[in-house]
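Consider the two complexes below, in which subunit A is the common component and subunit B and subunit C are the respective partners.
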Partner chain A sequence: MNLWLLGPEVVLVLLGLSLLMMDGVVPTARRRLLGHASAAVVAVLCLYALSGHAGLPEPGYAFGRMFVLDGLAVFFKALFLCAGVFVLLLAADMGDRLGSGVTEYFVLTLFALAGMLLAASANNFAVMYVALELITVAFYVLTSYQRSRVASLEAGVKYLILGALSSAFMVYGIALCFGASGTMQFDELAAKSAELAENRLFQVGMLLVLGGLAFKVAVFPFQIWAPDVYEGSPAPTTAFLAIGSKAAGVVLLVRLLGGVIPELGLKWEMLLMVVAAVSILFGSLSAIPQRSLKRLMGYSSIANGGFVVLGLAAMSKAGSAAVLFYLAGYLFTVLTAFLVVAVVVERLGTDDFSALAGLHQRSPLLAGALAISMVSLAGVPPLVGFFGKFLVLKALVEQGTALPSYFVLGGIAIIGVVISFWYYFGVVRAIYWNQGPEETSPVVVPPVIRMALVGGVLGILFLGLFPGSVWDAAVAAVALLKF
Partner chain B sequence: MSPLTWILGLPLLAAAGLCLVPRTSKGVLRTVAVAVTAVVAWMAIDLLLGFATAPVGRGGYRFVQQIPWVESLGISFFVGVDGINLGLIVMGAIVAFAAACVSWEIEDRTKEYYVLLMLMTGGILGAFASLDVFFLYFFHELALVPTFIMIGVWGRGERRQSAAFQITLYLTLGALVALIGLIALYLQSGVRTFDLVTLTDTLAANPMPAARQYFIFPWLMFGLGILVSLWPFHTWAPLGYGAAPTATAMLHAGVLKKFGLYVLLKVAVPLLPEGAKEWLPLLAWMCLGNILYCGWVAMRQRDLNQLIGNSSVAHVGFVFLGVASLTTVGVTGAVMVMVAHGFLAALSFALSGFLYRQTGSLDMGRMGGLLKQLPFTGTVMVMAMMAGCGLPGFGNFVGEMLVLFGGWKSDLLICGGWISFRWFVAAAAWGALIVAAVYMLRAVREMFHGPIGETWRKSNDPTGAWRRLPYVVLLVSLLALGVAPRLLTDHIEPSAKLIVDAVERSRPAPHLATAPGHPIP
Partner chain C sequence: MQPETLAWIILALPLLSAAGITLFTRRNAGLSAAVSVTAVAAAFVASVLLVLSYRGLHIPAGECLIASVNWLNVGGLSVELGLRLDSLSNVMLLGVTGVGLMIHIYSCGYMAGDPSYARFFASLSLFMFSMLGIVLASNFVMMFVFWELVGVSSYLLIGFWFERPAAADAAKKAFLTNRIGDFGFLLGIIAVWASLGTVDFLDLQRALAADPQALGAFASLAGVLVFMGAMGKSAQFPLHVWLPDAMEGPTPVSALIHAATMVAAGVYMLARSFFLFELAPAWPESLGFLSGISALDVIAWTGGITSLMAALMAVQQSDIKRILAYSTLSQLGYMVMAVGCARPEAGMYHLVTHAFFKALLFLGAGSVIHALHHEQDIWKMGGLRSRLPVTYWTFLVGTLALCGVPPFSGFYSKDGILAAAETRPVLFGLALVVAALTTFYMFRLVLVALRGEPRDAAASHAHESPSVMLWPLRFLAIASVFAGFWGIDTALKRGLGMAGASGHEDHGGFLAGVFEPFGHAPLAAFLGLFATGIGFAVAWTLYGSHPVRDPLPERLGPLARWMRDKFYFDEAYAWLIRCTHDALAAVADWVDRWIVAGMFVRGLAGATDVAGRALRLVLTGNLQTYAFLAAAGMVVALWIVVL
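And now, the complex of A and B:
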């Protein structure tokens, strides 16, 4: 057994536990520092994942092959940790609004982060389930953290009920899979996947498992919770849900479809295509009339989940690598957007479009960062969103020669992008050319958030202008998949 | 370093630099924009003069430079010019300079405006200079987005919001459909590179199966057609240009819109010759829609901008006709029309923008006596309108004549050979000479003669050489092309011949298989 492979997870859990201890010692006024300190630790871990971990020649296994550390896991770990840094900084800034127990908020975030890291490395149904529950249970609390706000409680209840439902689906599915195959180990399942693909019981089980993951990714037909929960939760939680929780679902989908049950995946190609198409259309169309930025991001997250499934539906290495790149770009874009949303909600009291009017005069930095992230989400060069969408479309067209329905799917993706231009540019319009309110006092942005914003915008630009390195990393990460 | 890299890089650098200039120093913002575009225009003219003597690089292009970008996907930053994009780059650079000059009308949010203008200029020039298919698209999209924002923020009229959204959705759709076609081309070529030279060489040696070409070509044709306002996808154009601020309308109608035609001519036709032969007859029908239908619509317009917008859509039909003729003369003429129409559209929109600033209305019914009140503007406007109906002496005449000559010699068969291409040429000539003359001359009568209209009793000509410069520059370019077309046609012709030959060479193999002299049953 090689405990060294679990280094980042262990550090995160220990960090969380020690924060709980220090909560009793550190005076209330200084607790914000705990958030900054833990963000710093997570940043170091992220650098570690990016550098030291990345040179892994062979996949490493631990706990009797239940835990795997391969290229795919390392890529996603770096992604989660990077998201964690932003979320912790944001939470530290928002500490006053979270009410009592800001330290617990950091701790729960760290635990959820540990769960995500574990999910990236899961090589066994049991580990997968434990990791996902660690994420989901932490989020039950995180979504309803502002317990004096009805909207936050409502979000928490919705997430709890639907999350529990999807967990139940998943655990039932795992039981069926175990019953049909006699093992929970991904390696062993992969070895007899061709034969299992014909097994009716296994198919049903797998379908339920995929359903549980679809809840995490927020795609049709498990997307219904996203807008309400996004709107009601505190902004750092929403940001973390939008990228962290989604990516945790994606990494498991990639691992299952690409590494464990490729035959079944090919059989269900059409199912994935329908899921992707409906998610894109549902998310995009529903986003048009939204006036609340958080709610808009909720629907946009469904549409983006659709794009991710679109890449998976291509059932090719190029498609999976495109998904990885897409998420890396989505990370910076969404986090930048939510940093702005958090500041706007805190300083202006609402995230309605009417509050955004005149933002470019009150804070050019916030306005510019939000506009850049929206334009990147819409997929405009030279920002990263463009290259992500380009890669996904390329993967689709590549499969189109084998199966013409991929061209239909490409057409639907195009329609989705065109509609998304509508509502993303609606936000830009609200910021820049709607008539502003009388209030024109400047909005003060704290220095830490300012740094994070600049970092996010630089990430969007850098990945858009020099996508080569991340793309090569994504290609390397999916090299072991069996498409 | 290739001068092309500077030509497209300078405006982009200026865009980044202008972000750092405080918004209160409007003079600095404006001076930087005008100076940068002037340098770029000068460099572009230098490019034209030095073209013949420049060493020939990869694939017959000159001034080439190639830097790998994402090697695993075969994408590289690759610029170079041949006869076809040479004229377009020069035209784009000159129009950009004129557009920066007329931007003095913008008074609020000048900082954002000039940043977007520089971004758009850099994107446009990059789109025409790139020889990498990915970057072609990349730069085009980079130029397109500022267009949308500029229409929305600095546009005019009550309908500018809906115009901005309509143009956004339409053009995004067109661009994405074309993107699918380009990706399919990349994947099917078998070489997995976006490098245009490698793609051309590979596909010339091992052409794609005809069935695949038939499938890919329409994605490009319709996608690019939407971008160029091909009938019946043209409705965004008059609406969008009517609402756009002057410089945006000049740059988009004049230069950026030519992108779709350029890619059709440069990528779609030579790389997919079988697909081209299959689909170009349909294009010939649709371009008649542009020339005749949009000309007819233009006749009914009361608003000057709508007239110019519709007539600009009608002129684009000539380029399609030249491309569809698939003859060297026709293609040369098509490129010539693209360049000349770029100057013409920019000049027309610059003038209409000036008139709108003066009077706040472009209703031709309320105009009149323009030549008395505004002699300079009136003179330039009359000359622009004459150029628009194809009067000899202007670049448009040369281009349109070449298209008609080329079309007459074309052996493209339509409806299985039932209809000769010459009918299309005759119809187009009719559209150009009669329909265009009707609406242009009527506009001249309403606007320039008669009693002085109520709307401009207080208007004045642009005063000072500086304010008149952009109009003069554009008009001189148009006249220079008309008087000395060989400045460009000598360079265009060899490149056009290469494209036509590429299609000629791909005569379908089955026919060659039967021995000569054997009639095909």
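And now, the complex of A and C:
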């Protein structure tokens, strides 16, 4: 029993439980410190995960091979934990506005984080489902946390119902897969994948499972919840949804399509392409008339989900590695953006574009950080967003020699990128060039958030200028896939 | 200390000064000036130490010390950030830092009271850094980088009084005109790199020595393209138009940049890359009509035409700084012509002596302008000999040196150029005419502006400038007199590997040195002196009686007007640019209006916008709709995949 393989998950859960107990002891005014403390613990875990990557020659298994710790899992764990640090800091800063007890918010975030780490290591349909439910159930509460705000409640209900729908699809799909193959174990499925890929019943089951994952990644046809929920939820939740929950879906997609049944993936290449193309176009086009930053990020999240599926659709190691790199870059970009959004919403009361006018005078740091993350999302070199898109498209074009539709897909993706310039630079324009209101008082940014912002911007710049280290890690992480 | 370390220190000092002033001492004018002057003084001392510690100035050709670090390595292009030390760069180091030091000191007085005193010294330091970078560069790419930096700092300094539209325009004009030349320069560098695979001067020289055909059909083209860079920076015809306008900058800037150093960079670059021009003429097939003409011919004739044209223009100017500016143009033409006549050491020699006496003349003019409260018209001056004695005498020394009167330094360097041109009779004659014209316009300036009776109230109340401005004048005057005897020419000959370098050791004593030119090139020396005499005689006849107005226009008629209006180059360029500009604008407008805006932007934008709005209708916010759409999507996917 290799319990130490589950070290981070165990620590997270224990941390959450102890926070719950300390909630009674710590005075209300100082509960914010709990958030900072748990962020520090998560940061240590993140460093542990990053260092563990080097010392992991062979995949480790636990719980009768239901739990695996391989390169892919470690890469995503580091990603989730890094996101967790930012989200906890943000939540600690917004503590006063969350309404209900702030400690529970930290605890739920930690539990969701534990679910994500488990999802990264899932090697069995049951573990996968439990991990995803742990995430989703925590998010049901996190989305509707501001009970006094109707928008937040509405977001929670929508997420709950549509999440339940997707869970239903998934659990039905798992049942069909089990019925067709007689096992829930990923490596046993992988052993007879060639034969299963021809099994009609298994195909249906697998498609339903993929549909459930598509809900997490927020891609077509399960993308539709994203804008409403993003807009209504508290900003830390939205940030966590945008990167954590999405990445949890992605790691399972990569594991299933790359490690378990690549045959089905190859069979459904066209389906993946359509999903990617529609998501990119839908996200990019719908974002254009938006005036709310959080809603805009919702649409942007759909388009970015499309890009992730695009990398998967390449069905190659390069494509999967590009997806991993893309997410790493997306992590810093989206978190930086949401840090700014959270502060803007809190200090200015709205996230409408009109509130951004004159921001560069009121807080150059916020304005600069938001502008850099928008420009990175748009994919302008030398920021990380460019490299993510570039690597995905490169993987795609490499496959184009085999199947010309990849070129078409690449073309659509580029059209999507061009359209996205429109709204990303719309934000930049609103910050720097729109006529500001009379209000010109400086916006105060708390020191912790300031540090987090600088960290995020440095991440965007560093990964953009020196993509080598993360790219090497991504390539190593997908080395065990079966392409 | 190692000479390499010293070289890096020399390069770094002005940069540190520029950064320090900009970041820390900007608000403290006096401290900023002190920082800047100290930096350039330290650079000068370091240069002297460097020359003393590293084999002096007499380093044989092909031997040099290179201190380098690897800078970038991209796609087969490997560029070192290298400093090259040989006699050529050592001479220039001393010249640039020495003259620079004088001008920095002078500026403390001249710019006193200017509200942007600190900014001036920061820009001056930046310029020194860029110029020293050109001098020390060991390869084309590095030289090009500093070349552009020089362009930038020159822009900053010409436009120093940017609130005056004329200054802002002049800065723009200088920058843009230089960019044309730099574009050619860059193409030339690319051509060289594409054929030989390296941009390092030493490697290039070795490669071309091993195989003179290595550049193939590009030999002459590459040479002419590289020369284009020099054409811009050294203001050679037809890119000469920016230099006179650049006089809108403060006078010390005119002295430092537009007389002594920056404009000399072009000549220095030609000397540095002279191996490129020695190749036999070879042109690509499409330029076959040029066969037989070598790059050196192009250079020699460009220089000759520039020097004659500029000298003619100088004859009819009435702004004291503009006369000197055209004189600079004319002398630069001389230097370029010398390089074109395959005697780069003569051009470089003149460059160094010219740096001394032209800086002196400009600073003297600045002193006059300062005394007359920024009056620059020579017809409003006069009678300054008794009122500004130091300025007058030092100015006279500069004039004599420029005119090439022995034993002033200008005589020896100009003699070298005339001797170089002896083999080409037309150019030789042209150079003699220029020599006569030079004496004429310089004595016109001296006789009208400095001697006679004051023509204006300001001139009669003039006071001598403060001593912080006079000492640089004295030092530069000494240099202008004696620079002919310091062995600069032999050092340069040795450094550039020219014939006759080893035989001449100049040990014949002082007097032998004075009369040396009459011995080895008597024709050039005597004819040169004769031309100077003619120029002086004509000037004395016309202006010796101190007329109130210029008598020359009446005698020359329309020619004088042409000279005064600079042969209408500016107007012609303006017309040419306007025509091409209008034509291009019309085409661009049509394309923009009908194709870009009409078809792409409006069409695409409209389509995208409509699509975006239509898609928004899908998101009703109604949960049932969402659930239905998701389920429907799933069903469709199942249907496609399974059936």
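Points to keep in mind about this one:
Please note the rule applied: the second predicted complex is superposed on the first by the 481 of 483 C-alpha atoms of A that agree within 3 Å, B and C clash if a C-alpha of one lies under 4 Å from a C-alpha of the other, contacts with A are read in each partner's own complex, and residues count from 1 in each chain.
Keep this in mind: contacts are C-beta pairs under 8 Å (C-beta built on N, C-alpha and C of every residue); 3 or more make two chains touch, one makes a residue touch a chain.
Just so it is clear, the structure is predicted and the values come from calculations on it, not from any experiment.
In the superposition on chain A, A:414 contacts subunit B only, with no contact to subunit C. By the touch criterion defined above, A:109 lies against neither subunit B nor subunit C after alignment on the C-alpha atoms of chain A. Contacts of A:398 after superposition: subunit B is touched, whereas subunit C is not reached. When the two structures are aligned on the shared chain, A:237 is found in touch with neither subunit B nor subunit C.
Of the two partner chains placed by superposition, A:144 touches none, neither subunit B nor subunit C. In the superposition on chain A, A:429 makes contact with subunit B only, not with subunit C.
With both structures placed on the common chain, the touch criterion links A:467 to subunit B but leaves subunit C unconnected. Contacts of A:363 after superposition: neither subunit B nor subunit C is touched. Once the two complexes are laid over each other on the shared chain, residue contacts for A:289 go to subunit C alone; subunit B is not touched. In the superposition on chain A, subunit A positions 422 are in contact with subunit B in one complex as well as with subunit C in the other.
Of all residues in subunit A, only 157-158, 161-162, 165-166, 169, 200, 203-204, 207-208, 211, 215, 220-222, 224-225, 227-228, 268, 271, 282, 285-289, 419, 422 touch subunit C in the complex they form.
Within the complex formed with subunit A, the subunit C residues making contact are 608-609, 611-613, 615-616, 618-619, 621, 623, 626-627, 629-634, 636-638, 640-642. Subunit B contributes residues 69-73, 112, 138-139, 141-142, 145, 148-149, 152-153, 161, 165, 168-169, 172-173, 176-177, 179-180, 183-184, 186-188, 212 to its touches with subunit A in the complex. Considering their complex, residues 375, 380-382, 386, 390, 393-394, 397-398, 400-401, 407, 410-411, 414, 417-418, 421-422, 425, 428-429, 432-433, 467-468, 471-472, 475 of subunit A touch subunit B.
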